[in-house]
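There are two complexes below, and they share chain A, which is joined by chain B in the first and by chain C in the second.
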Partner chain A sequence: MSTAPSAPLPKTRLRRPYLLDQLLRHKGGAFGLAIMALFILLALFGRMVAPYDPNANDYLNLLSAPSAQHWFGTDELGRDTLSRVIDGSRIAVAVAFLSVSIAMAIGVLIGVISGYFGGMVDSVLNRSQDVLFAFPTLLLAIILVAVLGPGLFNASLAIAIVYSPRFARIARASALSIKTSEYLDAARLAGVNTPTILVRHILPNVMPPVIVLAALSMSTAQLAYASLSFLGLGVSPPQADWGSMLSKGRDFITIAPWLVIWPTVALVMLMLAFNVLGDAIRDVLDPSHSSSKSTDTLT
Partner chain B sequence: MLKMIVMRLLGVALVLLAVSALVFAFGALIPGDMTSVIVGQEGATQEQFEAVRQRLGLDKPLPVQYVNWLANALQGDFGTSPITGRSVASDLVRQFPVSLELALLTLLVSTAIGLPAGIVAAVHANRRLDVLIRVTLLFTFSVPIFVIGILLLLVGSRWAPDLFHVSFTPWSEDPVMHVRSMAMPLLTIAFPITAMTMQMTRASMLEVLHAPYVVTARAGGVREKRIEYLHALRNALPPIVTFIGFQLGILLGGLIVVEQIFSLPGLGRGMLEAINTRDYPMVTATTLVFATAFVIINALVDLLYPLLDPRQRGR
Partner chain C sequence: MASEGKTPLLQVENLKKQFHVRSRGARDIRLLRAVDGVSLHLEAGETLGIVGESGCGKSTLARLTVGLLQPSEGRVLIDGGDIWEPGAAGRERRRKFQMVFQNPSGSMNPRRTVGASVAEPLQAKGVRNTAEAVERMLTLVGLDPALATRKPHQLSGGQQQRASIARALIADPAIVVHDESIASLDISLQAQILNLLLDLQEDLGTSYLFISHDLAAVQAISHRVIVMYLGEVVEASAAEEFSGRPLHPYSVALRNATLLPDPAHERARGDTALRGDVPSPMNPPSGCRFHTRCPLATDLCAQQKPLLRDAGRGHLVACHYAEAGAGEVATQEGAL
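Our next item is the complex of A and B:
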């Protein structure tokens, strides 16, 4: 019907969430996302692609070197290292997300309450967190695991408690700066009750810096857990777990170096991905920040 | 100045008190009970159980137990280990020097290498040498200490067997063996700490290298080396020193890991062993020593600050 020359349509891009879009354009962000996606897929579907059952012993193939049957070799019980490295990614990914989410939840709750109400509540919450800062981070994590008991959730909870004061500080600072803004006065005058103000008006404005911190904390949390697991405070055997694989493999380091090499490669790749992705998310959400790096890692 | 020092010390004492309470609480919260460790789960009658509880003071309310524990601890008495049968204090005296030596050597090595390397990196900012240093740093930050330890073991077992198959030997027994047994642990923990010192020095130096007084000095014809090491470094130092205190937390955590990798009989290993064997007095004692050391050294760094930065003295 229309005979008008088909004018070149303006190229419309598929709508992607803003953050994802920006991250994919960011060189480091795309790289980090790709590696992280790989590990998440391995964590979810690893059992299907793993060539062997990660916990199956094979006494005819103890400590056998990498070969066509066992690409990454086998350990002292004949278990396939490749399958165990893949299975270990479940724990690694789960702990990183679980511990950072819990730390964020505790920290934001405390920080917002502390910043919004101020006064005595603020002082008490601040002082009690100062006491937590008086412990070296790994030491605190270790003693918390000793109190809570071992296991995936408890280790994550311990790491979360160690890191929650950082989230609380950031959330408190934002809450303080928003508290006196005019739109909050307006909300209060309009009779909005306090819980609604906290959830609907304070929380959304507190989140951006908190999300940046969360992204940067993923690698630290992952590292913290690997250290705990290396020290024998992670999930219980026989569940494959990179940290404990490394600590066990140490005993066979001269005769079976593949036992320590592959978990290390996996661990370092995931941490690198978290690091790069964290930096990318900060660049995207907080352009004012120069790229200096926070270095307070647990080990 | 004096008043400030007194106030700071008071603050430190308060923090230490809170820390000790928390450590005691942790000890009390760890599942299980020292009585059952001593008596054993089976075979003990209720009366025997109660007798041991009474002897240990565990029948008293927790606040009373805390005060007793703290009073004894202040006199250097941490009780007797139900596992080893030795007094906890004697174990601490044996373990503490090992950890202290490793910590001090690490600070020495990391400062001796990291500080000059950071200055070089800052002076040559964004040139090839600097880029090389920074790539190494990125790698170091992505690697946990135990991975560095394992990699060193891997390399060491092939190329330096002299340093590899060495169990810990005290200096008093055989100095040569002692140095050999400490080399790998020191290398492991000094690696990341040196990298951090270097990065902090670089950042701090970069900030002052373009300060007006440096430009003035340069315009006045002061030699470049003199500018870098005298004018710039002097002003770059306060944040670096603060950072060294900040590293300490990482250093202490690293000690626990390194002692475990290389089977060094230090405090960190003692603490882990105690956690695994449910050696309650030992767990609280080692935790308290670690936390106290951390708080005190951080306080010392705080006090050092005005000495380095005259602007801080008035406050």
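Our next item is the complex of A and C:
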């Protein structure tokens, strides 16, 4: 126990690069990150890779089966399905990040405030979140889009509002347990003011479970958006979008099944990536996991 | 008991704290008197030990004293000024306290470095450059300053507790309250930390309020000792006087329950162990609260509440038969 070892202790570096490092070492994490990175790259640079303009019509090849010319086949207007699936990833990735970011911001704010302050504030915020929670997810999203109007941002906002209560719950529960922790008493005794306590002590300790939920929610948020889009409540028609592609392709499912197969494959792969990544983040953020790893780096 | 006219550093007057408790399913709200009329005082550079078993209100008293809880009744005065005075004056007084907690691993934010946690009280005072002070303080409590860059979970329990002590002392508080601060450490570490606390007090002149269920630890570090039972003070005395002559039957029982590596002591303490649990503070016994478990209890004890009285040499005790209790100890020691 008596200290002052002869050699200076190595400085440990933690934080973000550490998390990424741990995720890459995690089997599922590496897989999820790879798929997600692929989709993000497609979303950013897909137009350069795509063999055709996603909205260009090839009237000589209407509803043609997959071939060397059109790898994923074409739709009823002769548009190349591969190019449209690639272009649709822009929307899918954008919606996943946008809706979950907004949901996380709203939810964490509400959760932390209601958990930390308690009392009336908690009751009011908590009840209103319960009301949102009681609605079936998709139904509420449809109602909200009907009110807000269709479109990428509005659909994302609707999904965000529907998803915010689960973030609020997790954040509230964590805030409640942190509120009674000894280090918070110590901070209060030190005379640290409330906003600083919230930002410095509550928020960082609320985030790990929230981040796991965020990664997992991206998968379902994306599916929810595909459903909205399937119902015609997503982006407007010429823009390629997996949900609307499925909706259109359904009419031709017996004669041109590739129109539903490829968007579905893309949808499932992205969802899988988010899910696996979410699980990996949970493993990595688990204190026992991280502590065992960090002692490795120390010795 | 060295208060000759001048105001003591810390004065706690008739402090009471009640909690409203609604048990599951029950309609009525009941009153739990966690701390029920405690008065005490603490001089600069002095250590006051508070002993009592679990549930006697020690921790509530600690939290009331430092201002983490607001009392239902009574006052906490520091240099004669109320810590709950509205505005900056009260806030300034509450800042004179620091606390060292029971659970060393829980008393520092797991996501911040040890250095950041130790620096916090200074930062809150508006000090910008804290690195030097943190280094000095860590060295003072016997830690390698390089540990400042570590996370709390990378430290051992003893190191964590030393770091907590460093944090408590860095902003130069007048009083540090130790709430079972050594209870979760093993016995050799306890001794190290106690010695560290004694050294630090000598160097810095800080006053300690040392709360523990461990009578031996309290006697080792305190100038004066207070014994609490069910939210009340049952005995208060100078430490030496107390260890030689505990007067309250509860204090005697506590002392006899202390394990010593001495077979003779073990044989002699034989049958004096207290039976049963502490009665519920929601429904305290009539008269003397200890009468349900007291070996000396008579009908008088069940009816009339004994008040704290001076039993000589500034030794305060709340028992009708205190002198008889002391006599019992004497006969036991005679049997050794």
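Things worth noting here:
Just so it is clear, the second predicted complex is superposed on the first by the 257 of 299 C-alpha atoms of A that agree within 3 Å, B and C clash if a C-alpha of one lies under 4 Å from a C-alpha of the other, contacts with A are read in each partner's own complex, and residues count from 1 in each chain.
The criterion applied here is as follows: a residue touches a chain if its C-beta (ideal position, glycine included) is under 8 Å from a C-beta of that chain, and two chains touch if they have at least 3 such contacts.
Since we're looking at a predicted model, the values are computed, not measured.
Within the superposed three-chain model, A:L23 lies out of touch with both chain B and chain C [touch as defined at top]. By the touch criterion defined above, A:G232 reaches chain B but does not reach chain C. Touch criterion met: A:R188 reaches chain C, while chain B stays clear of it. Within the superposed three-chain model, A:L259 lies out of touch with both chain B and chain C [touch as defined at top].
With both complexes placed on chain A, chain A has more residues touched by B than by the other of chain B and chain C. In the superposed model, A:A168 makes contact with neither chain B nor chain C. Judged by the touch definition given at the top, the superposed model places A:I110 against neither chain B nor chain C. After overlaying the two complexes on the shared chain, residue contacts for A:P204 are found with chain C alone; chain B is out of touch. Contacts of A:R250 after superposition: chain B is touched, whereas chain C is not reached.
Comparing the two complexes, residues 295, 298 of chain A contact chain B in one case and chain C in the other. Listed in rising order, the residues of chain B touching chain A in the complex are 15, 18-19, 22-23, 26, 29-31, 138, 141-147, 150-151, 153-154, 157, 192, 196, 199, 203, 246, 248-250, 252-254, 256-257, 260-261, 271-272, 275-276, 283, 287, 290-291, 294-295.
Chain A meets chain C in the complex at residues 1-5, 8-9, 11-12, 14, 181-183, 185-193, 200-201, 204-205, 287, 291, 294-295, 298.
Chain A makes touch with chain B in their complex at residues 127, 130-131, 134-139, 142-144, 146-147, 149, 219, 223, 226-227, 230-233, 243, 246-247, 249-250, 253-254, 257, 260-261, 264, 267-268, 271-272, 275, 292-293, 295-299.
Of all residues in chain C, those touching chain A in their complex are 63, 66-68, 91, 94-95, 97-99, 101-103, 106-112, 117, 120-121, 123-125, 142-144, 146-147, 149-151, 153-154, 156, 158-159, 164, 167, 171, 189, 192.
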